[in-house]
Each structure stands twice: as structure tokens, then as C-alpha cells.
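This is the structure I want to talk about, given as C-alpha cells.
Read from first to last, the chains carry the letters A, B and C; within each, the first residue is number 1.
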Amino acid sequence: MFSEIAAQTVVNILMLSSIYILVALGFALLLTVLGILNFTHASIYMIGGYICYQLAVVVGFNQWASLLVSMIAMGVFGLFLERVFFRPFLKDMNRIVVITLALIIILEAAINVSVGSYIRRIPSFVPGILRFSGVSISGDRLATFAIGSALLLGVILFIRKTKTGLQMLAISQDINGAALQGIKIHRIFAVTTAIGCALAAVAGSLMGAILSLSPFMGDQMLIKAIQIVILAGIGSIGGVLIGGLILGTIDAALPLFISGSATDLTGLCIIIVILLIRPQGLFGREV
Amino acid sequence: MLLETEGLTKYFGGLAAVFGLEMSIREGEIVGMIGPNGAGKTTVFNLITGFLRPSAGRILFDGKDISGKKPHLIAKMGIGRTFQLAYLFPDFTVFENIVTSFNLYPKSGFWEALFKAPSYRRKERYILDQAREILRLVGLEGVKKVLGRNLPHGYQKLLTMARALAIKPKLLLLDEPIAGMSLEEINYAMSVIEKIRGQGVTILLVEHNMRIMALCDRVIVINFGHKVAEGSMEEVRQNQEVIEAYFGRGHAA
Amino acid sequence: MLNGERITRGRRNWIRPAVYASLLIILFLLPLFVDSVYYLHTFIISLIYTIAACSLRTVMISGQISIAHAGFMGFGAYVSSILAKELNWTPWLTILLGGISATIVGVLAGYPLTRVRAIYFSMVSLFVGLAIVALIGVFANYTGGDIGLIGIPPLPDIKIPGLPDINFLRSRIPYYYFFLVLTVLSLLILYSLENSRIGMSWKAIAQSYLVASSVGINESGFRVLALAVGCFFAGIAGAGYAHYNMVLTRSSFGFLSSVNLLIYVLVGGTGSFAGPIIGTTVLVIVPEIFRWMKTFAPFVFGGIMLFVVFFMPQGIAGLFEQLKTKVVQFQQRKTLRDVT
């Protein structure tokens, strides 16, 4: 009996962590390369889910195709976002914070007012439940795990191996040096933002199937993403994996023993203590 | 002996930036510290003023061990300093820069300041007078309303010295006080430094520009974090090791 | 500044006090013209947030940007409410205790944070704010957890011999005056601190902690002091709100609310004392004026934010400062030309 609970908990940890990591990935990318806390990530995550819903349910496309379209749409939106809202203000972080917050407020209100806040669900991407040795995993969560891991790996490989990725890496370490090397900073920023937004859209669409869609679904996830990213440290994409696992472990395992609020509190205290010892995060660079 | 270091050592990782430094400064002296770039001079400054903790060794000021104390406490004990890069308060005017630096003598408490008690007002008036004195001494009266960040380079350097004087230091550490100055400015700065010495302040300075060594009673040469030579400028100029340090081997004589 | 050494000498000196004085008079006479409970409520809320926003700015002056401020409001609110409700202590006392308790938590949480550089401070403050909300949830027995806390005692009647009792329940007007007086007092204290040697030390730390330390300013000590003062008024504001609203929900003191406060300060302008006052007023009252389009309030709010960011880099208050700076720069160029 105990081993079944333990096994299920381990599975839950992995599933939850993969969701967190998927959401945090795009956010981390923008923080590392552009150096901004893109709060708008929350709305893009949400809108990505709604677009997928519209296409899959209202129009009737296949869910996977809808996901792909949503991804591309949000990627393009990311280009717009970077060009209009980020590029003119990169010198002043305070203003970017206000901008991204203004955007969440407006975007969430826009969806709330136009589409309405009643709960919607995207039909399962991978219907069915996998059961083995007393453990059960829903198909969608398994898909999220697989996709999340694949994307994480994909992003890390992209950064390390492709030319664009290496340029992103260079900018994240020393933007002036990168500019002197002839790297087109603004182009890379645009690409990064597009990728970040596309990732957010994937996360939102998958979550729309696992749980549900609401105009404010991004808020909670944003906080998780921020926690993971700060824990991992600025400048580390790989750290998102560890950060996500830590948070996933806390959030999936502790509620077995203590209340929800106490779980939150414990998780937060752990993060605070870690940050006090190592303010730049587990894997971050000194700023 | 106003300042003494005994076996002062500082490691950064595996690298010894300063190693076994023995140095002493007498009251009323102007001592110059010279050496090639990276020799550890600024590290020594940071160690003395508490911005870095020594890995080993001691620093004695006025007989008291100040090794590893916090910077503001060391300032309180009477050591002032200027910085190579972080000059001053950019959003404050020249006058405000100096006035802000009067934190120690006299000291105002929280409640005094909140209710603007007469004792507080008295202290502030005194501070304003003292600040004007310093402005006059250093020659910055004309620009007292200019914002720190708008100040031309030479004036900025003078301001850093003025600022450091506000804490009534017994020992003043000047980090490259004339770097980037024109000839005129250098001469003026040197006269200011002499005036400061005239007020009873002991001075330890670091410089690359040898012109200022004319002011110094003594010169200490540092290389690789270690004292290489000491003495008057003449003596040091002849020293074998010093020549090697600056010009490399094969340049002797 | 200290003795008018800034370019505010002479003719300009009377403009500010005159503006403030007339504003005060208008505010004190407001209930004569405004009858509706709704509008009074809006003003009361904006007064409460003004105290909170100004105290947040006090913390920010020392270079520490806190995303936990609403959390401290919440802490003060809950402490005051629980003491008044469970122990029957008078709210006049518990509100003060709310402020003090927020200060204590702020100092305890903040002291270790003064050892990290200011940008990391913001990140950790985010978690501190969330932790406070979580803490409130943990003690759900007393705080009501997610359901919320109800039955918070209102301010008790003020009995003045020879005059009719002042009852806080019959109309909003007594509460309005209570918060008006509270706001004026709080702002006076915060203003006095900012324009004193303490305020200068705070601003010095924000500009260069290295230089500040080298002239004897105890960086840690002053940063904790800024936090302590800021949290005290946040706690008071929160506690005041609790005894006005008589109902509390912990979610109103979370991340979003802290961010809101930050927005009020940033939009109003961090450069001047009036900044958060203006920011709060604009962002609380203007959307309410468009109340008939209540669903569109977020758009107004977000729209104002974007407008200010795009066109007013120093915030709304910064607009006035920019004008002043242009004058100052002109005068300084003149000075430099004369000197060099």
C-alpha cells in the first residue's frame, strides 16, 4: 500500500514538474537573454490555450494541429511584442515591468470580456489513462511530460549547438561584447521572444486539456515560473530543470503530510533560505 | 605609528592578490604606493578600509586591530578613502555630496531627525558651515550646485577628496587621485593634497602618474601583492627589483 | 533638501505649500459636497492605498524595491483584526499593534536581506510577500484561511463629553475623516524623514553603497530602518482597512496587490514624494470614474499605465520634475561656462 502511494507520488512529482518546467522555460529564456521579467508570459500562456480551444472546439480542427497553429500565432505575437513593447525600453527595467504588467491586465480583461470566464476544456490530446502496478497517469499528463522534456532538451541543444542559440548565449553573458562581435542584438531578441511565446502557447494549450482554461489561469503559473527561474538563477536554462523538480517535489509530495498553505509556506521558506545563501540562484551567474 | 599591516594576505580562490604585506605609516606622512597594474594596490586599500576581509594577517590602526571590520565602522575610526571608479553620488549636487558625508560628527538620532528637534537643527547648521569650509579648501565653491553626474572629470576627482574629508579622517587613502587630469588640474590637485596634509591628515595614495610622487615623503613599491621596495623616490628608482617589475628583466642599468 | 540649497529658492518656494494647503482644505470639506456612500468609499480606499504607496516609496528610496508590501499590509490587518476580535482589545490600540507587528516581521525578514545586493532584494521580497499570505493561510483557525475573516470590530464610538457620540457605523463620513487624518499624519512623518539626514543617507545608499559606507553610513542599518518605517505604515494602512471593511480575504494582500502598489508608485513617479500620491489617485479614482463601464476598468487601468510608460518616463510627478530639471540644467550650464 505504502509503496503504491510512494510510486504514485513519484509519478505525480514528475508530471507536475514537467508542467512547471514547460511553463517556466519560455519565461527563463527571456530572462536570460533579454534580462527582463516578462510578466506578459502569463497572458500568452493563457491566450495560447484559448486559441487552441477556438480552433479545436469551435472550428473543429485536430487538437495537435490547433496546438501547432497556436504556437506559431503566439510566436508571431512575440515578434510584435518585442518590437513594440520591449525594444524601445530595454534600458529601463522599471518601465518594462510596468509595461508587461499593463499588458497582462489588458489581455486578461480582453479575454474575460470577450469570451467570458466560464470554464472551458480542450479535448484530450492523448485520451485515456495509463495504469500499471497501482499507479495511474492520464494520457495528457504523460504527453505533457514527454513534450516538456523534449522541449527542454530541444532548447538546451538549440542554445548550445545552433548559431542563433550560441548568439543568444553570448548576449546573455555579455551584451556589449556580443554587439562588438557583430551579433545583431535586436534580431536575436526578436527570435528569443518569439520562441518564448511559442513555448508559452504550448504550455497553455496542454494545460487547457489537463485542467481547464480561464482568463486568469496564467497568474498562478506565473508565480511558479518566477519561483523556478529565480531559484535556478539568471543565466541558467538547465537550472530550470532542477528548479522545476524541486518545486514539483514540494508541491506534489508535501500536501500528503501538511495542508496546502503550509506546503506553500514551506516551499517559500526553502527558496528564501537558498536565496539568502546564494542570491544568484543555484546555477546563476553573479550579477 | 598610525597604520601598520602585519603579514597581510588576501586570497581570491587560489590566487594571492596580496601576500605577507608588511607596511607602516607614520602620522603626518604622505606615502605613495606604486606598482604595476594588478599588483594588488586597490586590494590593499579595500582590505584596510574593510571592503574586503583579510585571509590572514592583521591591520592595526592607532594601535587597534581593524582587520575585517565593516567599512562604515572603519570610517568612524578615522580612515577615509576615495574610489577609483565609484566616485560620488551622481544624483546629488556637489554640496549635497559633501553634506551627506557628514554622518559621523555630529551624529543625529532617528527621533531628533524626525521631529526636527532644535538639537538636530543646530547640528545641521554646523554641518552646513563645515561643508562650506571643505568646499573652500578644495576649491569647489563655484560648482556647488552642479549635479554629481554632470561634473567634469577633474572636478569629480576633487569632489571625491572633499567627500572623504567630511568624516574628519586621521588617515586618508587616495586611489589614483590625479588619474585622467590635465597638467593644470594635477598641479592644483597636488596643492590641495598639501593643504589637506597641512590640516593634520596622514595620506596614503596610489598612483601611476609619477608626478605626484614629488609630494610623497616615502614610496612603497608593490608587485604581485608583496612589498618589493621602500624608501624615498630616488632610492626606489635605483632598486633592481623595481626596475624589473616595471620594465621586465634585461633592463637593469 | 536641507536648507533650500536646491534650486527651489525664491519665488518657487510658495507654490508647493500653497498647492498642498488648498488640497487639504478641499479634502477636509469634501463630505459637504459628496454624499454618496460609493464615492466616499472610493476616497477612503485611495487614502488607504496612498499611505501604503508612500510607505513603499520610502522603502524604495534606499534602493530596495519591494514586491512584498501588500503582504505587510495584510499582516498588520490580520494581527489587528484577530487581537480586536478574539481578545476584545480596542481597535485604536490594535491598529497601532498591527503596524508594530508588521514592522517586526519586516525587520526580521529584512535584516538578512540587507546583506544581499538591492536587485536580489526584490526577488527575495517576492517570496517573503507570498510567504506572509501562506502564513495567514496556515493559521486558518484564527484567520479564516481562504474563506476569509469576518466579524472584525469596527472603530468604536468616540465619546466626547458635551458633544454627540461619533459613531462609525451610521455613515462613512467618520471613517473618511479618520483616514484623512491618518493619511496626513503618516505623510507628514514620511516626508519629514525623507527630507532629513536620514533621508539623505537612504538616497546615498541607493546611489552608491560603496561611497556611502566609506563615509560612515551603516548600509545595513539604514536599509533595515527604511524597511521598518515602510512596513509600519503598511501595517497601519492594512489594519485601518480591516476595521473599515470588517471583512478580510487573504488573497487581497498577495502578489497582485503588491504589484499594484508598485505600479502606483512607478506610474506616479519614484523621484518625488508626491509621486505615489498622484499615482494612487489617478489609478484608483480614474477607473472608478469610468465606473459605468465597470467591466472596462482594467482597460483604463492598463491604458493609463502604458500611456505613462510611453510618454512620461519619470512617471506623472516626473513631468513637473522634468520641467524643473530643464531649468536647473540651463542654470548649471551657465555656471559651468562661468567657472571653466
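The working rule: contacts are C-beta pairs under 8 Å (C-beta built on N, C-alpha and C of every residue); 3 or more make two chains touch, one makes a residue touch a chain.
Being a predicted model, the structure only gives us computed values, none of them experimental.
The most central chain, judged by the distance from its Cα centroid to the centroid of all protein Cα atoms shown, is C. When each chain is reduced to the average of its Cα atoms, A sits farthest from chain B.
Centre to centre, using the average C-alpha position, chain A and chain B are separated by 50 Å.
Chain A and chain C have Cα centroids separated by 33 Å.
Centres computed as Cα averages put chain B at a distance of 40 Å from chain C.
Against chain C, the residues of chain A that register as touching in their complex are 89, 92, 94-95, 97-99, 101-103, 105-106, 108-110, 112-113, 219, 223, 226-227, 230, 259-262, 264-265, 268-269, 271-272, 275-276, 279-280, 287.
Residues of chain C that touch chain A in their complex: 112-113, 115-117, 119-120, 123-124, 126-128, 130-131, 134-138, 140, 145, 255-256, 259, 262-263, 266-267, 270, 295-296, 298-299, 301-303, 305-306, 308-309, 313. Those residues of chain C whose C-beta lies close enough to touch chain B in the complex are 1-3, 5-7, 189, 192-193, 196-198, 200-201, 203-204, 207-208, 210-219, 225, 328-329, 331-332, 335-336, 338-340. Only residues 49-51, 70-72, 75-76, 80-81, 83, 86-93, 95-96, 99-101, 103-104, 108, 110, 113-116, 120, 124, 128, 142-147, 150, 152, 163-164, 166-167 of chain B touch chain C when the two sit together in their complex.
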